[in-house]
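Across the two complexes that follow, subunit A remains constant while its partner is subunit B and subsequently subunit C.
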Partner chain A sequence: MKGKIKFVQGNEACVEAAMYAGLDFFAGYPITPSTEIAEHLSYRLPQQGGKFLQMEDEIASMCAIIGASLTGHKVMTATSGPGFSLMQEALGYAVMAEIPAVIVNVQRGGPSTGNPTHVSQGDVNQARWGTHGDHAIITLTASSHQDLFDITVDAFNLAETYRTPVILLLDEVIGHMREKLVIPEDGEIPLVKRLRTSLKEGVDYHPYFPREDGRIPMSDFGGVHRYNVTGLYHDMWGFPSDNPRLVHDLIRHLVDKIQNDRHIITRCNQYHLDDARTILIAYGSAARSAHHVVETSRREGQRVGLLELKTLWPFPSGLIREKCAKARTIIVVEMNMGQVLAGVKQAVDNPESVFLANRIDGVLIKPVDITRIMRLIQGRGV
Partner chain B sequence: MERSRLVFTGSGGQGVIPAAILVAEAAVLHENLNAVQSQVYGPAARGGAARSDVIIADSKIYYPKVTEPNLLVCLTQEAYNKYSSIIRPGGLLLTDTKYVKTERRVSANQVELPIYETVLKKIGKPIVFNICMLGVIIGLTEIVQTESIMKVLGSKFPPALQDINRKALELGIELCIDARPNQPFT
Partner chain C sequence: MGVKDYIRTRFFPHIWCPGCGHGTVLNSLLTAIEKLGLSKNDIVFVSGIGCSSRISGYVDFHTLHTIHGRAVAFATGVKMSRPGLNIIVPMGDGDALAIGGNHFIHAARRNIDLTAIVMNNRIYGMTGGQFSPLSGYGIKATTAPYYNIDHGFDIAELSVAAGATFVARSTTYHVKQLTNIFCKAILHKGFSVVEVLSQCPTYFGRKNNAGSAVDMMEFYKNNTIPKGSKAKEENSDLIERGIFVQKELPEYCEEYDKIIKIAKNRG
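Right, the complex of A and B next:
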């Protein structure tokens, strides 16, 4: 890959990728450990003709990006756990009204204000079920700056493709550490443009009337078409409705448009899986420690592999079942009490073969933490 | 190359974290190496013990933190007391004589130099203390080229500061000519 080489924090890699993807509106309320995203965008966006807004809180930030997205902009906000909690109501609105947006949550320890400057992966389930009601959501993550760049561009593309908010679930270690990033040339990663209606001014536009392929073209709000947007169940004109058939169809649509395409949305990295008897499943910064263990164990002749998840929601059950089919032992490495563990246990044929290697004390799980747990499981003692 | 694991410690405001970023950035941008830099975030931004970890290697770096540094820099007594025990046996421990009185013997090459006082005497501006410390490290370990550091400095600061930065780097390299450990840096 050709391109400009930089040595940056993960938060800055996220900013560079968002700019690459065409971000032109950001509203946010800076919070550790995501602050550098707002900091860098506060000068990167105006340089490129975009808008940066520092809002009074995270509720307003989320509402502002929803509004800006409706008017045709590519939008993002960035926060951490406490702010992500505040965003949940408006996040549900974006799901219901089908508004593309990217929400970055650089995780810290929680609940509440928790452990602001330390690492955690405790918001995996919040990303899935933080907002109420049946719905589907896309949540992506990464463990290296190059992957973070790609997955951020992906987040914008998926948001447009599926008309949905996409959550980028990072963590403090990835956000703050610095490493090499190669910024791809323009055009190297394809970008998905907003699907806009071809209907001209004066022609009735139905904001929720799908094309034959199921996608629903948008019209820039405040432009040539007048239409209604609501968080209530709505008809193709966007007006509230409690018609049971319509309510049923809309909830099915919101869930199916993402769940049915989970094979397209699922992204992962695979290392030494082919003959692996023990498979580590990890994501985010914990995947770096797991990868360290895998490479070291391989040098010692152990058949250990790593399945690194980059899509957390929709949960990649099919991928996990397929890749772990021949493994004797599966160890989920994460920095929470087992939020991905639960999904892995459901996905595989033999849940008894699935173990948790975790740390929940704000310290990045060390390779030696994982090795000790591996040895215990293998009956070899620490 | 052997993987280098560096830990820079001192007090918030001494510039240990910018120094760590400089050396890692020089390795990545100008020496075609891989590097990862991380730091302990906390209320230590001003005062208190600041710490930054750097790994430099020609292979991939997965786990980004340093557990046993083969180069440890301690620029305050507090940092020395807290961190000197983590050094890898046979590693290199660099301290500044103005701030640190070494007490315990660790199984490492201990280099104690009057970096701060030399900067004050020869340059007169303590702001380049950390750059001079980097010069010492380059002199001791040749971990990156002087010119790679100069290029990074040139990209971050106005041209007017290049002279004083170069002076500080070279002063550091001179300072350690007699202090070079007999064993090679690994």
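Right, the complex of A and C next:
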């Protein structure tokens, strides 16, 4: 990889990646620990002719990026827990109306104002089910700035591929930590362009009529095709309908387009999994501590591996089941009360072999927190 | 083109009750657009939720039917990302000024070039007749069965104070004035607000013994006066119609274009 080397915060790495991916419209509202994303973009975007908007709240921010995405732009907003809560209704609108967008949630401790300046991973289930109604969602995360860069570009690509909002679920440690980032050359990471209709002006365009491959070409709002977009159940013209068959097919489509492709959307890092008796499953900043445990345990001759999840939703059940098939002990390492733990227990044959190593006190989980749990499980005491 | 050329006949009949004022607003608005000779491809309707918001589905423009109270926020994204478009934001009184009040005043403050139309029937019609922030003291509604103790906003005063650079009011009775105001509001560069008193005989009318749709329009005829009229001094209950503010101030998208120029020079 030949590229520009930088020493940056995670929030800046996210900005670099978003610009690389072609971001040209951002709307947001300042909130710790995500604020640096807005600050950097307010400087960077106009340099490229892009637009930065500081809105009156997170609700408006989410609404504004949806409007801008419809006109054909690559859009993003960034926030933290309280703001992410406010965005949920409009997020559901983007799901329903199938509008690409990237939403960054740099997690703090919750509920409510919680702990703005400290780390947590408590919003995993909110990312999945924060908005009401049946739907599917893509949620990605990362534990290093290089991975964060790649996964941010990925988020934009998946948003376009599936015509869906994609959530980047970071955490305070990743957002504020500084480390090396190599920005790839242009073209090094492929970018997914918006799929636009090839229909000419005057030809009847159906905004929600899928091609044979299931993808639905878009037409820029303000272009030559005039159509309706709504958050109501709708037909292929985008016009409201309560026809039961149509409603059924719409919900199935919204869920299936993502769930059926979970094997394509699943991303992970694997460390020493082949012969591992004990497998740690972690993501985000917690994966850094878990990785440290794996490296030190291996030096001591223990057969410990790490499955680092980079896709949290759709939940990578198949991957977890496959990788954990031979493990005796599985320890989920996360900074919440077991939000990924629940999914792992469902995914594996033997849920009794799954344990939780967690912290919920706003302090980054340390290797010693994990090794202490490992010793207890092994019956070796603290 | 006639007014009919601007509607999606496939999606009619509309959902509005007999006697509802919103059809008159639609007619007046389309007449204004026809007068101005705007291209259909250059017009975007962005609406929220409520009876009034259904207007966007019926017109043959780019139409974005969004969520309750947030039409102005969505419209801000559309306008900022594609400033060449004419954005019209039809809203109800609850949509614009209860749940959407914050977005409304901030768009006014920015002076972004949107045409906000508040179809004020002083009631939540779609949910069956609850009081809105425009109902006013003493009004009856399904959630004010005794009487309403909430005081109403004055949309014109609120808009002026928030920084809107075009503010006007008319009624469904005064259609010619309304069309004229719509023309000016659409042409105005900046945030423009048009309040239209629009009757809801089904809920507001029935709950408050206001009579039929015709009676309610008679009320508009007899209880409104042109702005600046001396009659207001003698009877402060009279409602003023006309243009309250029309001034030229820098528009938000154009101001951001200046930022882009500066940033490109530095970058």
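As a working rule, the second predicted complex is superposed on the first by the 382 of 382 C-alpha atoms of A that agree within 3 Å, B and C clash if a C-alpha of one lies under 4 Å from a C-alpha of the other, contacts with A are read in each partner's own complex, and residues count from 1 in each chain.
The criterion applied here is as follows: a residue touches a chain if its C-beta (ideal position, glycine included) is under 8 Å from a C-beta of that chain, and two chains touch if they have at least 3 such contacts.
Just so you know, these numbers come straight off a predicted model, no measurement behind them.
Asks: Classify the contacts of A:Gly343 with the two partner chains as first (subunit B alone), second (subunit C alone), both, or neither.
Replies: neither
Asks: For A:Pro165, select first, second, both or neither according to whether it touches subunit B, subunit C, the two together, or no partner.
Replies: neither
Asks: On the A-aligned overlay, A:Lys51 touches which partner chain: subunit B = first, subunit C = second, or both, or neither?
Replies: Only subunit C; A:Lys51 stays clear of subunit B.
Asks: Give one of first, second, both or neither to describe whether A:Ile5 is in contact with subunit B, with subunit C, with both, or with none.
Replies: Touch status of A:Ile5: first partner only.
Asks: Of the two partner chains, subunit B (first) and subunit C (second), which one does A:Ala27 touch, if any: first, second, both, or neither?
Replies: Second partner only, subunit C.
Asks: Is A:Ser289 contacted by the first partner subunit B, the second partner subunit C, both or neither?
Replies: first
Asks: Where does A:Gly109 make contact in the superposed view: on subunit B (first), on subunit C (second), on both, or on neither?
Replies: neither
Asks: See if subunit A has more residues touched by subunit B or by subunit C, and give me that chain.
Replies: C
Asks: Applying the document's contact rule, which stretches of subunit B touch subunit A when the two form their complex?
Replies: Touch list, subunit B to subunit A: 21, 24-25, 28-29, 34-39, 41-42, 61-65, 67.
Asks: Going by the contact rule at the top, pick out the subunit C residues touching subunit A in the complex.
Replies: Residues 8, 11, 40-42, 44, 46, 56-57, 60-67, 70, 73-82, 84-85, 102-103, 106, 256, 259-260, 262-264, 266-267 of subunit C touch subunit A in their complex.
Asks: Touching subunit C in the complex: which residues of subunit A?
Replies: Listed in rising order, the residues are 25, 27, 43, 46-49, 51, 53, 55-57, 59-61, 63-73, 75, 89-90, 93, 221-224, 226-232, 239-240.
Asks: So in the complex, which bits of subunit A are touching subunit B?
Replies: On the subunit A side, the touching residues are 5, 7, 32-33, 117-118, 172-173, 176-180, 285, 288-289, 291-292, 295, 364, 366-368.
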